[in-house]
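What follows is a group of structures, each given as structure tokens.
The following pair of complexes shares a single chain, subunit A, combined with subunit B in the former and subunit C in the latter.
So, the complex of A and B:
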């Protein structure tokens, strides 16, 4: 028994139907902690470098980390990982809700799903019973309706992780859904699940989770509940969730508008958090063990459309399916949110790629004929829904878009690559980096492509100057270590960022549940550094090098200035981006080409990686001393 | 007049609370907007995503009254 963990992993071969239950090793658990850590290590060690992300050799990995299922604090998360069909590198994405805890209550910390089933299946897990079952009945259904049917068939006690038609049809930004509206959204993990013909994973667990110090954990959690309940940020979080930041992002000129053509949407008041609460909110919704309830469960009825219920819209959806597509009514944004959720696409990538299509249509690069007689106008719900349908079922040019924005731009040609918003194939999150250079650097260097959860820097950009490019890279590195730590430990980052539960207190929680009395924040940050370097090396081993060539966004971000709003006139050049990358690589202990160095890999005890990179000529040699501490914490400390 | 400002997270470090761990008492001139008051005590409006008086959302153009308590919420750090 390992305190803190379910204690087992399962390796499921879909082709042979072989199911192996393997006890989790304490050394492996401590070294990689779970979640994103387990995923990085297993993908690096087990997936052949030439493996097609949608082929049999890729592996789908599902893992709730060390804190998932515990009450200390908000251990609700579960991480889904695979080689991403978007980036062709390491991919992981984390979902809240109840799935991760349930998996641990069944006794499992790790599912490794291999090969491809010969027909649609779902995985049934109920404590010791692990079965591969026929899923013909559910195949083809939307994520939300299929989850409901699973619950009717198996019982409400089962927690379901599921894909929609997008995953079944290998749309490269398909997500894994859970709890009627939460998603492991990014990296196209849903497409990998679909490629294996796995419609869903249904789990029910009835076991206790071994906890080293039960009383200590309860006392610790009680104290945190009492403290955060009166925290000034708690009530606003409960009332509005993240949706309120549509207004703030506009007022500070970072809000993506009309496919990132500008960063201010003058009609944002109609899609901010207030209209969400006033017009659509049914109830708040919480993940396992959370007393914040920041989820917003909403009801929408548009003329001529069915009544739909959706969790959200959250800020990212409010940005990318909102102003970025020209929508100025919260009802429309919520409906778009439901369309994405039920079809099973990530609403961030989905909003981003529809916006790209809208700009193509506006510029005359795609025609009404190619759109099956429809148009693709800014702010038109019918157009949005029809275009998503073309993508999901890969009809006509929808097939190009289903393979991601890079492929779509390449097929369209005529300069469309210029405004195909992405880094490493991953569509950008809902902040424009031209008015926040460190945010752009965060996107450029994130291991999974342009995603905000690896590092979020905008208030630092405002503090130090919107147009200041130097001196920010070390903070980006620090944030890339601290923020993904929560995905490794599988707990909610919001309690750290928003209500002052410190990173050190999360380490206390790990000590209490595991009994690792000597576990420190330094050890956790070193793990984050190891994961970052491992993922970078993995990316290079799969895609070639040098690393720098993959670290640029599309040209809009270094050739166009922002035309309107509070960031009007802000512009970055390619030289600016290179200066930021130079600083970043130096802060990481990488070579100027963006490849990890022998020195930093040795310092992190990644000796097998040194050998692998050396073999293919991609090991950098440092010309400056290796920074002993990678990254620098920005004041205020609450970052 | 006297105003009570409350904040947590990143904002707490800028606010420098003196009444309790979250609250700062501010003496200010009547008629100033919340935005002006924040600037006068060294808090940049960019660090305030929203403000509440009780349960009511208020804009930074709000003109506080004597004795009012206003809660400031920082921008979400990604989400």
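So, the complex of A and C:
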């Protein structure tokens, strides 16, 4: 028995229907910790470099990490991973709710799902029973309606991870949904699940989760609950959740508007947290064991549309399906949110790609005829819904968009690449980096493309100077150590970011549940560094190099200045981006070409990676000493 | 003395169930908890905590007088007298007379760990 963990992994071959249960090894568990760590290691070791992300050789990995299921701040998360069909590199995405803890209570820390089923299936897991079951009845249904049906059929206390029609149809930004509105949204993991013909994973666990010090954990976290419950940031988080940052992001000039044409949406007041709470809120909805309850559950009725219930809109959806698509009414944003959730597309990439389509339509690059007689106007719900329908069923030009914004731009041509907002194929999160250069650097260098959760820097950009380029890269490197750690441990980073639970306290929680009394934050940060370098090497091994050539956003971000709002006039040049990349690679201990160096990989004991990169001529050799501490510790202010 | 329920304030986090089993069983297994949360999703999208009100229906149903009321008004199961017939579980109007596998039924004894932990006001201690 390993304290802290469920204790088992399962390897499921969908083709042969072989199901192997393998005890988790203590050494592996401590070395990679779970979540993103397990995913990174297994993808690197097991998926052939030439494997198609939507083919049989890719693997779908599901893993709640060490803190998931425990009374810790807050052990609610589960990581879904695979080679991403968007980036063609390591992909992982984390979902809250109750699915990860349930897997742990069933005794599992890791599912490795291989090959492709002959017909639609779902995975049934109830403690020791693990079965591949027929899913014909559920295939084709929306995520929300199918989850309800699964619960009716199996029991209310089964937790369900599910894909919608978008995943079934291999839309490359399809998500995995859970608990009627939470998603492992990014990296197109839902498309990988769809490619394997797995509609859902249903799990129920009734076991006690082995815990080294139950009383110690109870006392420790109870004290944190008491302390943070009265933190001044707690009440607004509980009341509005992330939706309150629609206003904040506008006031700080970083809010994506009309496909990132500008960073200020003058009608934002209609889609901020307050109208959400006033007009739509049904209940506050929390993940497992969380006392911050940032989830807002909403009811929406638009004229001529069905009444729908949706969790959200959260900030990212409120940005990318809101002002970025020109919507100024919270009801419309919530309806768009439901459309994305039920069809099973990531509402971030989904909102981003619809906004891209809207700008194409505005510029006359796509026609009404190509839109089946419809239009694609800013702020029009019917147009939004129809276009999403074209995408998820791959009708007409919807097929181009279903393959992601890079493919869509390439098929449209006529310079559309300029405003196809992405890095490494992943659509950008809801912050524009021109008014916050370190945020842009964070997107440029993130292992999965333009996602904000690896390093969120807006308040740091403001502290160090909104238009300052130099000196920020080392802080981005630090944040890329600390923030992904929470995905590895599978707990929520908001308690660290917003109510002053320290990283050390999360380490204390790991010690209490595992009994690893000598586990330190340094060990965790070293793991973050290992994962980052492993993912970078993996990306290069799959896509060629040098690394630098993949680290640029579309040209809008270095050719256009911001035309309106608080960041009006802010502009970055290609030279600025290169200065930031130079500093970044140096802080990482990488070569000037953005490839990992022999020195840093040796320091991290990634000797197999050295050999692999050397073999393909992509190993950098440093001419300056390796920085022993990579990144500069920095505590960003809360919002 | 009772647990006051304000269902509208419940967020479905199940912290109450988590701390209940840690406190009462020394285990991390919220399915063994002595209270329940009913979830009604996707619509109407609400939660409802179900907690023991010490109504005594279990004691009245028990054929072997194994459920005894203490001077706080709290009912307890005497495992020595219990015949494992399950009548108390059947009789509980709120589904909070619990049984794990085929063991002795068990119930909330107002230790207040859950109410001390809940910070949304969904369940509160009233003396």
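Keep this in mind: the second predicted complex is superposed on the first by the 634 of 639 C-alpha atoms of A that agree within 3 Å, B and C clash if a C-alpha of one lies under 4 Å from a C-alpha of the other, contacts with A are read in each partner's own complex, and residues count from 1 in each chain.
FYI, a residue touches a chain if its C-beta (ideal position, glycine included) is under 8 Å from a C-beta of that chain, and two chains touch if they have at least 3 such contacts.
These numbers come from a predicted model, not from an experiment.
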*What is the contact status of A:483 with respect to subunit B (first) and subunit C (second): first, second, both, or neither?*
first
*Could you say whether A:215 touches subunit B, subunit C, both of them, or neither, answering first, second, both or neither?*
second
*Would you check which partner chain A:459 touches, where first means subunit B only, second means subunit C only, and both and neither mean what they say?*
first
*Quick one: classify A:242 as touching subunit B (first), subunit C (second), both or neither.*
first
_If we overlay the two complexes on their shared chain A, which of subunit B and subunit C does A:231 touch? Say first, second, both or neither._
first
*Does subunit B (first) or subunit C (second) touch A:105, or do both, or does neither?*
second
*For A:274, select first, second, both or neither according to whether it touches subunit B, subunit C, the two together, or no partner.*
first
*Using the superposition on chain A described above, determine whether A:499 touches subunit B (first), subunit C (second), both, or neither.*
first
*So which bits of subunit A does subunit B touch that subunit C touches too?*
none
*Show which residues of subunit A lie in contact with subunit B when the two form their complex.*
231-233, 235-237, 239-240, 242, 244-245, 247-248, 252, 274, 314-316, 429, 452-453, 455-456, 458-459, 462-463, 483, 493-494, 497-500, 635-639
*Of all residues in subunit A, those that touch subunit C in their complex*: 69-71, 98, 105, 144, 147-148, 156-157, 179-180, 205-209, 211, 214-215, 217-218, 222, 225, 229, 238, 282-291, 293, 295, 297, 299, 307, 309
*Taking the complex as given, what residues does subunit C use to touch subunit A?*
8-15, 18-19, 21-23, 25-32, 39, 41-47, 116-117, 119-120
_Quick check on the complex: what are the subunit B residues that touch subunit A?_
6-10, 12-14, 22, 44, 46-47, 49-50, 52, 55, 57, 71-79
